[in-house]
Structure formats: C-alpha cells, structure tokens
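Next come two complexes built around chain A: one with chain B, the other with chain C.
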Partner chain A sequence: MAAQEVQPNETLASLKTESETLKTKLEEERAKLHDVELHQVAEKVEALGQFVMKTRRTLKGHGNKVLCMDWCKDKRRIVSSSQDGKVIVWDAFTTNKEHAVTMPCTWVMACAYAPSGCAVACGGLDNKCSVYPLSLDKNENLAAKKKSVAMHTNYLSACSFTNSDMQILTSSGDGTCALWDVESGQLLQSFHGHAADVLCLDLAPSETGNTFVSGGCDKKANVWDMRSGQCVQSFETHESDINSVRYYPSGDAFASGSDDATCRLYDLRADREVAIYSKESIIFGASSVDFSLSGRLLFGGYNDYTINVWDVLKGTRVSILFGHENRVSTLRVSPDGTAFCSGSWDHTLRIWA
Partner chain B sequence: MSNNSANSNNLVIAQKAVKQLRLEASVRRIKVSQAAADLKTFCLQNAHKDPLLMGVPSSDNPFRPPKSCSLF
Partner chain C sequence: MAQATQDQGVMGTSDQDEDSPNMIVYRKIEDIITRIQDETEGVPIRTVKSFLTKIPSVVTGSDIVQWLMKNLSIDDPAEAIHIGSLIAAHGYIFPISDHALTLKDDGTFYRFQAPYFWPSNCWEPENTDYAIYLCKRTMQNKTRLELADYEAENLARLQRAFARKWEFIFMQAEAQVKIDRKKDKTERKILDSQERAFWDVHRPVPGCVNTTEMDIRKCRRMKNPQRVKKSVYGLADDTQSQSPVHTASQHTRKDTKEDVEKEILFLNTQLDRHCMKMSKVAESLMGYTEQYLDYDPFLSVPEPSNPWISDDCTFWELEVSKEPSQQRVRKWGFSLDEALKDPVGRDLFLKFLESEFSSENLRFWLAVQDLKRRPLQEVPARAQEIWQEFLAEGAPSSINLDSHSYERTSQNLKDPGRYSFEDAQDHIYKLMKSDSYTRFLRSNAYQDLLLARKKPETEQGRRTSLEKFTRSVGKSLTGKRLTGLMQSS
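Moving on to the complex of A and B:
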C-alpha cells in the first residue's frame, strides 16, 4: 500500500497536528496487537543448563584498543581494526597474523571481510571506507592496492559487504547510511532518516530479502529497503545511543545493544519491541550483540568488561563471562556457530567456545 | 536567511515527516502471540544445530582442542 502524497496546500500547523495524530495512531495499532509477552509464550520451554564457555584463544598484537572485528566465511580467519590505525587479519585457529595494514588514520572503527575471503574493508576517522585485496604473498604491500570506495562527511562507524564482493553498505557519523559499488566507488543508494550519528548496521539474512537495520545516537533503530532507500519501519524504545544491531537468524527480528545498559529484541512482523534483556546490576552500556546459530542465545559485550549471555526466549541471563581487562567493543559469532570472538579496549581479541 | 525560505524549509521537513509516518502506520502487523510463537519455533527447531547451545565434543570443535598437537 503506497503512502498518500502530501497535498501542497497543507500548512505547517496542520502537518504538525497530523504528525502527532499519526504517532499516536501508530502506538495504538502496535498496542492492540500486544496480547502477550515473549517470555510468557516461552514459559513451557525447557530452561537452559549451565554453560561452560571459556576463552580458547587470545589474539595479541594490536597496540591499542580493538574497535571492530569480522569473521571470514571460512570460519577461521578474522579481521580486526584498532585505534592505532592497524588492521590485522588473523588465523583464529593458530593465532597467527596473516596480514597487517596500517591505515592513514587512527580510530579504525569499522572493518569487514569480503564474502569471497579475498579482501577486507575498513575505515574510521578518515570518513572513508577502503577495500584492500588480500594477497597470498605475505611480503606484498597491501596498502599499495588500496581502493577508496565510500566517502562520508563524518566518521565511518560500520561497514558490511552485501552478499557479494561488489557492494558495500556503510553507516556514518554524518547521520546517513549508503550503498556503494566497490569497483567504481559510485554511490548506489543513500539512506536518510536518522537524526544523529548512525553507529551500527546489519544486513538481513539473504533469504529475507533486501533490507538492513541501522541504529543511531537518536535512539532509533531503522529498517531500510535497500532498493528504494526508504525507511520501512522505525523503533524508538531505547533510552540512549544504540551501539549495535543484529538480525535474528530467521530474519523476522533483530536485537540491539545500547548505552542505556539494555539489549532489546524487536519483532519485524509484530512491528514492536518484544523483549528487554536487562538487570539492575548491569549499569554499563552494551556495545555489541550477536545471536547463536539457533537464535536462542544472545551474547552481549558490555562497557563493564564483561560478556553477558541471555536466553532470548525467557529473557533471563544464563551466563556472565569474564576475561577482558577493559571494555568489550565488538563481538561476533563465527559463521558456523562453533565459537564467538570478542574484541576489547584491552588490545586483545578472545575466541570463546 | 529570509523568513520565507526558513518557513518553506520547515514545511518540507514536516511534509517528509508526515509522509514517513503514513508509511510506517500502513505497515501490516501481526499479533505478538503469533510472532513470539514463530520465534520460539525457530529456536527449538534449530537448537540441535547450534554448537554454542548444545556444546559439541572437543573433537568436533576446532577451537576446543589444545593449539598444538605435537607429541614431543
């Protein structure tokens, strides 16, 4: 159903009134369908047992805060980026460093592995997203082959290849997200709607179609149609910046982590928040979230140096993992779900299983 | 900036906001009970394939066995 066109003779006052009316109506419509809580539906589900998850590998080598990491589809390689401008590709099984690049800027806040495993993308305070093809020759200077793809007017906060090496989606402190063609550097689509810095994004699992979700300093999580550039759904229940968003494996929901010390689950078909993961004792922001393969577990990395593991259905915390000696800044589950990796301001990355 | 152009700017912004809200209001929604049931079903159906949930024997998890398998 297409939205009606706005009539040219509507005045500012009438538009503002309509705006308020529509917002109220939106809340009413959402509330009408709020007949039960997720944890009530999950009451009869068997409770989870004790979890034994430990650090199995520690990746040391960054000279400063680790800000971002991503897994390669081969389930063993990892790319990570740091405040000192270094981007490192690791073999997580052996902990060996396979490649290292020094970016011309500090605070490399975003990095991503290409689906082919043959390139990595990264960026940060340089306001750009650059792609580095990975060479098999360890001695080759990767920086020489660098390709600048995205240009924003403020810092790059997140980047992700779409389902091929050919396109990259970026989010920025300039309040926008954008889709770029890697080969030509051309802007394919831009996404406007956030009222402040966009801090994170996640692409819907490929079966679900061409959408992605973004979270920002305006406390909103927006779902976008990649083809039209339209924001199709918007959620504003967090009380502070949204640092991380991640789709539920079925694509029907997504989780968010925020500076308000909570993680939340939003269902896209019910068009509302359906769960909050919080505890009075957790007062520091959640910087990064990801689901286990079945979606039953939600891992959250927090600014109090811990990782909390939540039962997504029941809303309870099932485990708390200690080990990092400073904020956890990034966290991703491996592609086959056998482990997850966390990166921290303590300069290290840890693989947990 | 003249009063007129500031006014028309605000008008454009307000028009965009209303258009966006109309779009969001027209989204088809399902009941939370239905959505929650589907989330639960997905979790339960895929639980057995979830290594972090089930725990896998050390031999199957590449991260669990010790780094070096040398015998000397």
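Moving on to the complex of A and C:
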C-alpha cells in the first residue's frame, strides 16, 4: 500500500480521524500475530535457582544524589555524576577514586565513558554535553581540557559514545536526540519525533547496525535510524514517563522502565510489547533497567530504593535487593556481565554480584 | 490550625497535574490507605487505654504488616515492612511516639494522616510556617509537645533568621494556640500528632530521607510551576517565593497538521512491515538466552571465579592472555557478529581469509567500520582512500560488488560521507556470512582451537599433529621395539 496522498484541503480534524483509523487497523494487524504469550512458551524453560546477590563494593564519595553512571570497557572502572556537579572516575574493584571533575552546573544527569577509556562525557542542567580527556597525571586539572560538544535548548538527560570516541549521541529535555562529531562539535544528525522530554537512550548492540532506541515523557519508546534521522518504529503502551531503555543483548528487543511502576519488553520483529514486569506491591517508578549478558535476567532500579530482578522469559520476579537508602537512579551491568552497578540518591554507588 | 475540619478532602486539585509521576504514586498509596482503613476489610483502628490516659485512633505496626502481606500479595515480611516504611516516609501513616517515619513489625502504635496534610496536596511549606509551628509548641506545657534536640536547634536558627519579624511569628503562634484550645481534648491529641507527622515529612529528622525532594526533570510538568505557596496556617503570601524549578520552556506540544501528516505516513509504513509471529519471537528469545547461558556470570559461575566475589582477578587476566579459552572460541561460532566483535576471533578469521586469498572483503568491511568512527574532518579523504584501495578500476584489493551497489557507491563518493559505503558494506557482510564464515568454522585453524583445550587445567599446550601421530603409533606397536621407525620420524 503506497503512502496516501494528503489532500491540501483536509482539516486537522479529518487527518486525526484518519490517523486514529490507521492506528486501530495497525493494532488489529499486530494482534493477529499474537498467537501466544512469551511466558506461556517459556513454561518449558528450566526455572532459575535461588540467587545470592550481594553488595560487593560500596563507593562513597559523592556529596549529593548520584544521578548517572557508566562502565569503562576494561570492566572495572566506572564514571559517575551527581547533583552537586561532581563527576568521579573510580576503579570500582579497589574503590579508589582516580579522577574528579567539578562541573559548572548542578544536576549532572548524564555521563558516559569513551570506548577507548581515555575520556568521559557529561552534562545536565547546563544543556550541554562536554567531553573531558582523562589524564594520567593526577595533578592535571581536567577541567582545563574540557571540550563542549553538544548544545541543546534544555537539560541533557542522557549521552552515549557510539562505537568510537569520535561521536556522541545525546537526548534532551528539549524533546530531541542528536548525534555529534566530538572533534568539531558539529551536529551530524538530529532526531525529532518525541512530543515531550526525552529521558533516555540506548544504542543497538550490533556491529553492523545504525539504530538506537529512546524513551520519553510522552510515554513513547522510539527506534531511530541514525543515518536518516527517521523514526522507524514506535511503541506506546506505558502509562507514564519512560525513564530508561535498554536493548536485549541480541538487539532484537529492548526493555523499558517507567514511572507507571512497570518494566516492559518490546520485540522489534513482532513490533509490539511482549512482556510486562510488574507486581501489586511495586508502586514506585522504575528509574533504570539493564539485562544480564544472556538476556535471561532484567535488573530494575526503582524509586522505592530497591532493585528487582526479573526472569525475562517467565515474567516473574526472582529476587528483590535491599540496601540503598534512597531512590535508585541509575543501573548498569558491567561489560562482561560479572556484576552490575547501581547509583542512588543516598549518595552512594553499589556493585552487586 | 488553619484546616477547617478533620474530614476536609484534598485541597485545590486544580493545582495538580494528575498524570505527573509523583501523583501517580500518591494515588496508589492513597488507594492502599483507604483500603487499609476500611471498616470490614481493613485493620482495626482502636482507642487504647494506657496508664491514666487513652490513646485514640491507633493501629499496631504488625497489624499493618499483616494487612499489607495479605492484600498486596507479599510473601516476605521484609518487603511488607519496606513498603510500609515508604508509605510512612511519605507521610501517610506515622508512629505516634517517634519523629522517624518507619514501620516496625511489632506493637508500636501508628496513626493515619489527615487528608488535609497528604503530599498529593503539593505542600511546600515555608520556614515561616515551620517557625510558627515550633514556636507554638513551646507555648503549650505538654510533655508530649516538648521539642526534640534537632527541633530546638531549628527553632534557634529560625529565631536568628527571622529576628526582625519574630514578633509577627510569635503572634501567629499565639493565635494558633487559641484556636487549638477550643478543640475537644481527644481531637486535639490526634490533630497534634498529625501536624507533627506533617512536619516530620517536610522538615525530617537529620539523617532521615527527605521524601519531598523532587526529580528536577519532572518538576516542570506541574500545571502551576511557579506555584504560589499555600501557608499551612493560612497566612497571606507575604513570603511568596518561587519553587527552584528549571525554566519551563516547553510543555507537551500540540499536534500541528504537519505532525499528523507525518504520523499517517509513519503508520502506513508500519502497516507494510512484515512482522514475526509471537510464537517464533518467543522461540528466538529463548534460543538466544539458552545459547548464552554459559556466558552469563549471573547464571554460570565464571572460571576460576567471579573477581567481584573472590577478589581474584584471574578471570580477567585470562581474557587478555594470548590463548583464548575454548568457551570463548565456541562463541565465535554463534554468529559472524560474535567473531568480528572479538579482536582475537577477528584476527583468526582474517588469517584464514588470507590463506584463501580473499581477505579483501574483511579488510574492506573493517576499513568502512573505521571510517564511521573517524572525526568528520577526516572522512572525505579516508573515503577516497577506501575507494582507491578496494573499488576503483585496477584497485589493489579489488572487492566484488554487484553492479547496483557499485553504481550507488560511485555516486555517493561524489559527496563522500560516513555512510557512503553502507550498501557496499552490507553486501560484503552478507557475502562473508554466507560463504567465507561457514568455511572458516570448518577450517583446521578454527577447529584446532575449538577442540584443543578439552581439559584446560591439565593441558600443557597444543601438541603438533606430528607428535600426536607418533604417540598413537607408539601405542599401537605394543611390545615391539621399532626404534628405527620412531627415530626416522
């Protein structure tokens, strides 16, 4: 079916009706392929055993809420950012702080480690994303070498290097995502489509892919083609802000965490939501999600200070982790899957294994 | 107190954005609170006789915990205590004899907060209100109203801060005391405790979580971001100040005609999409998870140990060693992507292709990957280099492209960019995947690595095939001494 020609004299109202009709039709078409539920098929999968997951390291040093963290490819270093403007690089294994930068703004909501391990990017209320090369010289003032890369018209909510130190992908409270060339600061591509703040993003894990997913306050999760800037798939089943999105390791699906207190799994090939992870006793929003290496476990950090561990296939919760004394704001599994790190409004980060 | 009656419902709902994340949680808690106070389905709320007094309108902590477990399908009491404590921390229930808002699973008495004081009313009480409150507490000679240490400190600080208008504050406090005196004794006990619990939320005990702190990203969405602050004690807003909210420049955009047109185009594209059945999707997800189970440290214990648990880095040291483990080699066989992702796997694949004199495909693919990772400035020059090396007439590492891709790429090179070789790269990838990769997996080089280390702990190292041969010959010639044969090999 070719894209329908829109007549110039069509009113907004009639267009909206057309759009609604198409939406209903699309839902019907998708529903036809929904012959079974994931958890039903997964009944034949062996159940997971009891888990003993504990805090193995506690990183203390931030003076205020930890808002974001990211792992270095070396599997042991991390970068974290906080409400008080501090960005700290840690060797999480020894818990030593290796670098610290003070940003000129408060609420540094986004930070990311460069693939080379030689730089970090961060930003927040300053509406920018800046890159700091990490010096081996402890005495060197990192702030002096700072490079301003991205410029948005509202707060920076998330940032991520692509497969190289040379490009950064950002999302912002201004409702857009953008791809930037680090060296020149030039905007390579912008992504428009969200109707409100974009809160999170994640790059597809493929070596050959050029896509990423974003989630926003418009309750939508959008999949984008980095090359064309087009939104290629969109999912709207959450009932509130989507705080976190993360790809399933195969790249065929992604999970989301929302203020509606649920996490959900969306499959790109089925083009629909395929699982909901929720419980009557979980009433606070999920702030951050990530998968274990095989994709069997989904870790969710919540605003009720806990971390819930979900069996992705069966849809059940396998563990609840207590420890943080305030909201869990950020959570990432390490690059080799041996641990995951959670950051919290209680000023600390914890490594769990 | 300024509130009209105990039963006054939620104040000023027009102020609030019902969809905002905070409100969603508050409404859920309020639903629980309503249910837990229900006459038939809830916990028993009693007046307890104690010494010479009566304690009105209380429930025990363990009653609350039991109710939560039963009605929210919670198996573990720890979980019920946790969520109960959060409900307390947000100010919906409170211990009658403690400033710290937590729930205990014992006979401790708790009371329910008055709806007037609920957080969903978006209170942001000023320090003037707090000063009035502390001041009036000191005016009443009741042991139960005595200030705690931190409250006395707060009061002293406020007296310094509001030195100039302390007379005003004092008068307001007196007025409040007068109003309170008119109330029935039992009612006052209850109201006093509820008022105290309100301040425990907004001016928490040092060390306790301040649950009124907001995520700044979500602040803007309140319908009245520069909210006029209501006074708890009905003061005129002479101390009006603005919430420290980030400048609200954008609310949810209204759809323009263009937006809807775009949406229609998008929906039509989606309708054309060929989608997979759910049963197939499920099998695929399960298959992937099954395949990678052994590689997931949360599900299969890493060898020799998980560094984070044992404090031993051997696991990581093995990863960077020259010899890849059998498990790692096996992974390269899962997909071409896996082989290419691992530098050691990639090198082995490249060597294999070199042995077949077809390495130009992989080298081209790698060059294009590298191109996409370069700074923008370097892209045009590098793109030309790639063209010269792999695609131009008489190129030294000429790759085989179909004419369509070749034409497209040639066109792209007129204005070279990071994606100039996308079509070509895609074509070459598919070629490698269907052809060279499968042969690679069957190759000796790969198979040797895959099968060589059956017992990593006992193997000394790979034996050459010649060594293996002489050993097997030796074994089969039992009892016969054919030294001549041995020596010649």
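As a working rule, the second predicted complex is superposed on the first by the 337 of 353 C-alpha atoms of A that agree within 3 Å, B and C clash if a C-alpha of one lies under 4 Å from a C-alpha of the other, contacts with A are read in each partner's own complex, and residues count from 1 in each chain.
Heads up, the rule we're going with is that a residue touches a chain if its C-beta (ideal position, glycine included) is under 8 Å from a C-beta of that chain, and two chains touch if they have at least 3 such contacts.
As the structure is a prediction and not an experimental result, all values here were calculated from the model.
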First, second, both or neither for A:Y248, with chain B first and chain C second: both
Touching partner for A:L297 - first (chain B), second (chain C), both, neither: both
Partner chain(s) touched by A:V41 [first = chain B, second = chain C, both, neither]: both
First, second, both or neither for A:T95, with chain B first and chain C second: first
Partner chain in contact with A:D259 - chain B first, chain C second, else both or neither: second
Of chain C and chain B, partner touching more chain A residues: C
Partner chain(s) touched by A:C217 [first = chain B, second = chain C, both, neither]: second
Interface residues of chain A shared between complexes with chain B and chain C: 1, 3-4, 6, 12, 15-16, 18-19, 22-23, 25-26, 29-30, 33-38, 41-42, 45, 48, 53, 56-57, 75-76, 93, 231, 233-234, 248-250, 252-253, 267, 269-272, 274, 292-297, 312-313, 336-339, 351, 353
Partner chain A, residues of chain B touching it in the complex: 7, 10-11, 14-15, 17-27, 29-40, 42-47, 49-53, 55-56, 61-64, 67
Residue numbers on chain A that touch chain C, as the complex places them: 1-4, 6, 12, 15-16, 18-19, 22-23, 25-26, 29-30, 33-38, 41-42, 45, 48, 51, 53, 56-57, 75-76, 93, 107, 109, 125, 153-155, 157, 162-167, 173-175, 181-184, 186, 188, 195-197, 199, 206-208, 210, 217-218, 227, 231, 233-234, 239-241, 248-250, 252-253, 259-261, 267, 269-272, 274, 279-281, 283-285, 292-297, 303-306, 312-313, 320, 322, 325-326, 336-339, 345-346, 351, 353
Touching residues on chain C, where the partner in the complex is chain A: 19, 21, 24-25, 28-29, 32, 68, 72-74, 76, 78-80, 82-83, 86, 209, 213, 216-218, 220-221, 246, 249-253, 255-257, 260-261, 263-273, 275-279, 281-286, 288-293, 295-299, 302, 306-309, 313, 315-316, 319, 337, 340-341, 369, 372-377, 418-419, 422, 425-426, 429
Interfacial residue positions of chain A with respect to chain B in the complex: 1, 3-6, 10-12, 15-16, 18-19, 22-23, 25-26, 29-30, 33-38, 40-42, 45, 48, 52-53, 56-57, 75-76, 92-95, 193, 230-234, 248-250, 252-253, 267, 269-272, 274, 292-297, 312-313, 333, 336-340, 351, 353
